[in-house]
Amino acid sequence: MAGASNETARRIAMLRDMARIRAFEREAVAAMRAGEAPGVVHPSIGQEGVAVGVCANLRRADRITSTHRGHGHAIAKGADAGAMMLELHGRAGGCCGGKGGSMHIADFTVGMLGANGVVGAGIPIACGAAQAIRLKQEEAIVACFFGDGAVNRGPFLEGMNWAALYRLPVLFVCEDNGFAAFTRNSAVTAGGGPAVRAEACGVPATVVDGEDVLAVDGAAADLVARIRAGGGPQFLHAKCYRWEGHTGTDAAAYRPAEEAAAARDRDCIGRLRAALEAAGVAATEIAAIEADAEAEMASHRAAAMAAAWPDLGAAFSDVQDSGAPAWPA
Amino acid sequence: MAGASNETARRIAMLRDMARIRAFEREAVAAMRAGEAPGVVHPSIGQEGVAVGVCANLRRADRITSTHRGHGHAIAKGADAGAMMLELHGRAGGCCGGKGGSMHIADFTVGMLGANGVVGAGIPIACGAAQAIRLKQEEAIVACFFGDGAVNRGPFLEGMNWAALYRLPVLFVCEDNGFAAFTRNSAVTAGGGPAVRAEACGVPATVVDGEDVLAVDGAAADLVARIRAGGGPQFLHAKCYRWEGHTGTDAAAYRPAEEAAAARDRDCIGRLRAALEAAGVAATEIAAIEADAEAEMASHRAAAMAAAWPDLGAAFSDVQDSGAPAWPA
Amino acid sequence: MARMTFAEAARRALAEEMRRDPLVWALGEDLVQGGIFGQYRGLAQEFGAERIVSTPISESTIMGAGLGAALCGTRPVVEMRIADFTLCAMDELVSQIAKVRYMFGGQGRAALVVRMPQGMWRNSAAQHSQCLEAWLTHIPGLVVAAPGTPADAAGLLKAAIRSDDPVVLLEPKNLWTAEGEVPDDVAPLPFGVARQAAQGDAATIVTWSACVPVVEQGVRESGIACDVFDLRSLWPWDEGAVVASARRTGRLLVVHEAVTVSGFGAEVLARVVEALGPAGLRAAERLGAPRAPVPFSPPLEDAMRISPARVADAVRRVAAR
Amino acid sequence: MARMTFAEAARRALAEEMRRDPLVWALGEDLVQGGIFGQYRGLAQEFGAERIVSTPISESTIMGAGLGAALCGTRPVVEMRIADFTLCAMDELVSQIAKVRYMFGGQGRAALVVRMPQGMWRNSAAQHSQCLEAWLTHIPGLVVAAPGTPADAAGLLKAAIRSDDPVVLLEPKNLWTAEGEVPDDVAPLPFGVARQAAQGDAATIVTWSACVPVVEQGVRESGIACDVFDLRSLWPWDEGAVVASARRTGRLLVVHEAVTVSGFGAEVLARVVEALGPAGLRAAERLGAPRAPVPFSPPLEDAMRISPARVADAVRRVAAR
């Protein structure tokens, strides 16, 4: 039964990651609403299963590119949640030194090459990362996350063709939460959808229920194995739902409340919790995991509020070596 | 037999247009090589069947957008070949006043909205033109020409989705001559090709032998009828071959001579000539059409060489009304 | 006259133009939902989905379709959401829209408006805070307008819609909620005519867009009487008024939010120096952002911002020359 | 020393860098075929298709992939074919490459080169003739280099490849076939150090890129002894040398091919005026293109070009002030 218990341990780890993402984002949204975290936060609450199911199959050497909705990807890839929370608060010690904020969250030490404020911009970057990996003969792959809205931007086509052409080790992950900002994406998208478009460019596609982390995990395991074996790029179309508004301040009045409520009933965390309980994991153990996640993120938030602001010099550093700006008079 | 003779007349008109395009471009390339026509000329010799077969189904009120290889589209749409030749020579009276040259050939009076020096750039323009046509409740459609290389640029995807989404009256015509400049396009293109990509975005596609003008005409007739009937955009993938190099100075050393020779054997003009002869049209009548075309274009070239240069003031006109440049001191 | 926000003034101006001319229409992301700053609120209800068009996230095609639609006789208002995303449509703006009239010898015109809200807006970080007005003034074919008050937001939008030239309208993100008096019957503003916001002999201060209220306040704080010009449009710009003032005051200060290096302030300074000769001036300076991206963290962002205090300092320095 | 063309000097420099460092590679359209100016000729044969990569016509991805490849430790040379097509990849250059180091707090760097041959080249018309250097100098994060001689083409390309900053290399299309002396062992050139091409007290003349030979000849034709600086890199640029010279001569003339309005000449002029004070100068002028697209017809195109005769006139005018 070592196998089974390994599998259970793996699932518990996934539950923990999902719970940590959710707790992180709950705190982040609350901090934003309280005026403590400046700027805009895009929560991925409800979509944690995609980030976690995919990243459960990645190694530290693997890279990911992300989106404006990137907290989950970062945490799932192993980024330091404390440094992330500091970043969201614009404080010293933030993973980007306070210069990036939520929309530019990144942790290169774990291969998280950055969130991106431009829809679809991670796709070409992921392609190039994979080319470098090949040139350097590294054993690694790239997972490239983007939303369903990105399939209407030009770089989507270019990147699919490019990855297929050079048979690059990239797993494209389309997180289809049904919305592009305030517009239902089906209202602005024609044809057979993301998977059909990817296949038309030569990237084989798999569709999965993104609200079922075990399904995502299973599909990703399969696709990642193919990629590692030199099979070229693969595409995972994960259907999910964005519980919150587009940003922490968007009340999402453009969609029926029942629709969002129904999505909450399909909760990826709830489903894994149920599966674990059915497999004999004690409810108390699960509750403890979730409580730990909440406590961790609450303490990160408190630490962030107590942390110092970055030194003003940071505003002028890390621009460039040649021709760097001088501290203004 | 009025029907048949109408049909023959239509075919003779197509032959005339193809012969005129070829004669025009032969003169243009010769003028370029002689240093008489400045800049760069991209000949479409061998591809005339696509331009003519499509435009035979368009009305004057219909619009077209074109490419860097646009002489054929312009002539087939009814542009003034004399004004075009003046334009290629940079002379006064050129259709763009000498300011555009070969790569920006245009004749708005016949709905030819312009060649374009940027691959794929005509696709979004065609979409917008169709939207305006709809808003103004005009009875017209738009034909949008582009090369096989353009299917790897982002605007291709964006435009297909856009046209399908809004069900716009656009006929997309992919002139697939097998090459993107000096590179065989199949070497940089993955997946099932232009038609598959268009269909993935919701635009129904038809593949046709572009070296058979009657096949193009037949397919275009069908698609244009569907579009006029409100059926939304259609895609025509026309396979053909570029006899000359990418430009008038490119020897096309990157491809086997036999390949180009074989394409010459499939000559769209030769095939229509044979069909007409088989249908009883006298060889002398056909020869006269071709001789007329050659004489016409030779005289346009001679006229262009004799024509005046544009007034220098033209360099500073038609920039903008507010904030127009002053003639320099 | 009524008091209203910048967004509301712009919204009304667009509605009025759409009522006046059935060929005016707008396209961009989330427009049916009112736009991200509320500047399209209610318009889809009034004008329908054929004239207020919510589009896919396809910036190249939003821009390029605007051109095609203009060439076929309509007057599109192309909404870019924020100026930074125009970077995804630069070929369409610069190589197509700006050049189409010229390269086709006047056969067609791109009578359209490109709205690109720009600049810093509390903690949006590097990819959502750029000011690119200098780029656009460098591109032949484009008219560039940059309102700094609600009234001008309305007047310039109307002028942009009626213009036969392509007009880029740079709305300052930071001012959407700022209030001001707006005439009941807004007239289109002529391009190239500055608004003189203050008068005085000590120096000539030139600014535009989001810096307008900042400069007005900074000059007041300095206690020094200066000529203050809100350019309102950057191409064409009111060189005549600025040069005449600088001839009198002998001192020029240009203030803008954009990076100083190769910002439009360089052009204003250079033209004034060329027009008057360097000897005609005692001071000519610029105040803009350091050549660094915009950081997220509030104190870092503030370090990059033009503040009234920094303006007041610069005014004192220039006036003392 | 050997005499060779600009294209050949650049080709050799790239080959030498690729031999030196296996992490250097190039990507762009038609590269295996040698590039459109022959500047990659033979390299695919020597280095293989994994390091000389012919790409689809996908400018956004050519640029964006360059960034991804740099973030993973290789040193890509991103070939844009001509500068105009960079307009199809501006988001990737400006919002991604230029900002990545800063916005991620120094975690990653975009050590890459973007080659964008620019400017007029006999009768290429409006969409294939643009000079966009001013834009790039306005963007924090970018180094901007603009060689005007074969030797500098080689030295700046080597420096660009070895730099840890993203470097945009603006090669003048019109000079690919121009010949010059190139050292046998080209060393990387430091950025920000101008080449002084002539000496004299009458005026300080500043130029770069395709205008370098034109200005050298024009100054000779004027018969007036001037300091002539070929800036070689525009960001950073050699403000020290130019200001020191202008302090001595009291007269500044900046000459460039780009449109004058908001061109980089405005920045040079503004900085010199700010550094010396207007009273420190007797003349400060620019010579560039009118604010109009580039026309096709030879006489019209010539009317927009900087010629030695126009330079000589401007030198005489400035020297007489």
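Labels for the chains are A, B, C and D, by order of writing; each one numbers its residues from 1.
In this text, a contact is a pair of C-beta atoms (placed from the backbone, for glycine too) under 8 Å apart; a residue touches a chain by one contact, two chains touch by 3 or more.
Please read these numbers as outputs of a predicted model, since none were measured by experiment.
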Exercise for the section: Supply the minimal count of touching-chain steps required to go from chain B to chain C. Expected result: 1
Exercise for the section: Determine, using the mean of C-alpha atoms as each chain's centre, which chain is farthest from chain D. Expected result: A
Exercise for the section: Give the chain pair, either A-D or A-C, that is connected by more C-beta contacts. Expected result: A-D
Completion exercise
Rounded to the nearest Å, the gap between Cα centres of chain C and chain D is 30
Completion exercise
dist(centroid_CA(chain A), centroid_CA(chain C)) in Å evaluates to 36
Fill in the blank from the handout: Cα centroid separation, chain A vs chain B, in Å, comes to 46
Practice task
Could you grab the centroid distance between chain A and chain D? Build each centroid from C-alpha atoms only and quote it in angstrom.
Solution key: 40
Practice task
Mark out which residues of chain D touch at least two other chains, giving numbers and ranges.
Solution key: 55-56, 58, 60, 84-85, 88, 91, 95, 102-103, 125-127, 140-141, 235, 290-293, 295-296
Practice task
Would you pick out the residues of chain A that each touch at least 2 other chains?
Solution key: 94, 96, 98-100, 104, 116-118, 152-155, 158, 161, 165, 188-189, 314, 319, 323, 325
Practice task
If every chain is a node and every touching pair an edge, decide which shape results: line, ring, star, complete or other.
Solution key: complete
Handout entry: Interfacial residue positions of chain A with respect to chain C in the complex
Key = 38-40, 87, 90-91, 94, 96, 98-101, 103-104, 116-120, 149-150, 152-154, 180-183, 187-189, 254, 309-310, 312, 314-316, 319, 323, 325-326, 328
Handout entry: chain A-touching residues of chain C, taken from the complex the two chains share
Key = 29-30, 32-33, 36, 54-60, 84-85, 88, 122-128, 290-293, 295-301, 303-304
Completion exercise
So, in the complex, the side of chain D touching chain C is made of residues 84-85, 87-88, 90-91, 94-95, 98-99, 102-103, 125-127, 130, 134-135, 137-141, 235, 258-259, 261-267, 269-270, 273-274, 277-286, 290-293, 295-296, 321
Exercise for the section: State the interface residues of chain A toward chain B in the complex, per the touch definition above. Expected result: 152-158, 160-161, 164-165, 188-192, 196-197, 199-203
Fill in the blank from the handout: In the complex, the residues of chain B that touch chain C are 63, 65, 94-100, 104, 106-109, 113-114, 116-118, 121, 123-136, 138, 142, 154-155, 158-159, 161-162, 165-166, 314, 317-323, 325
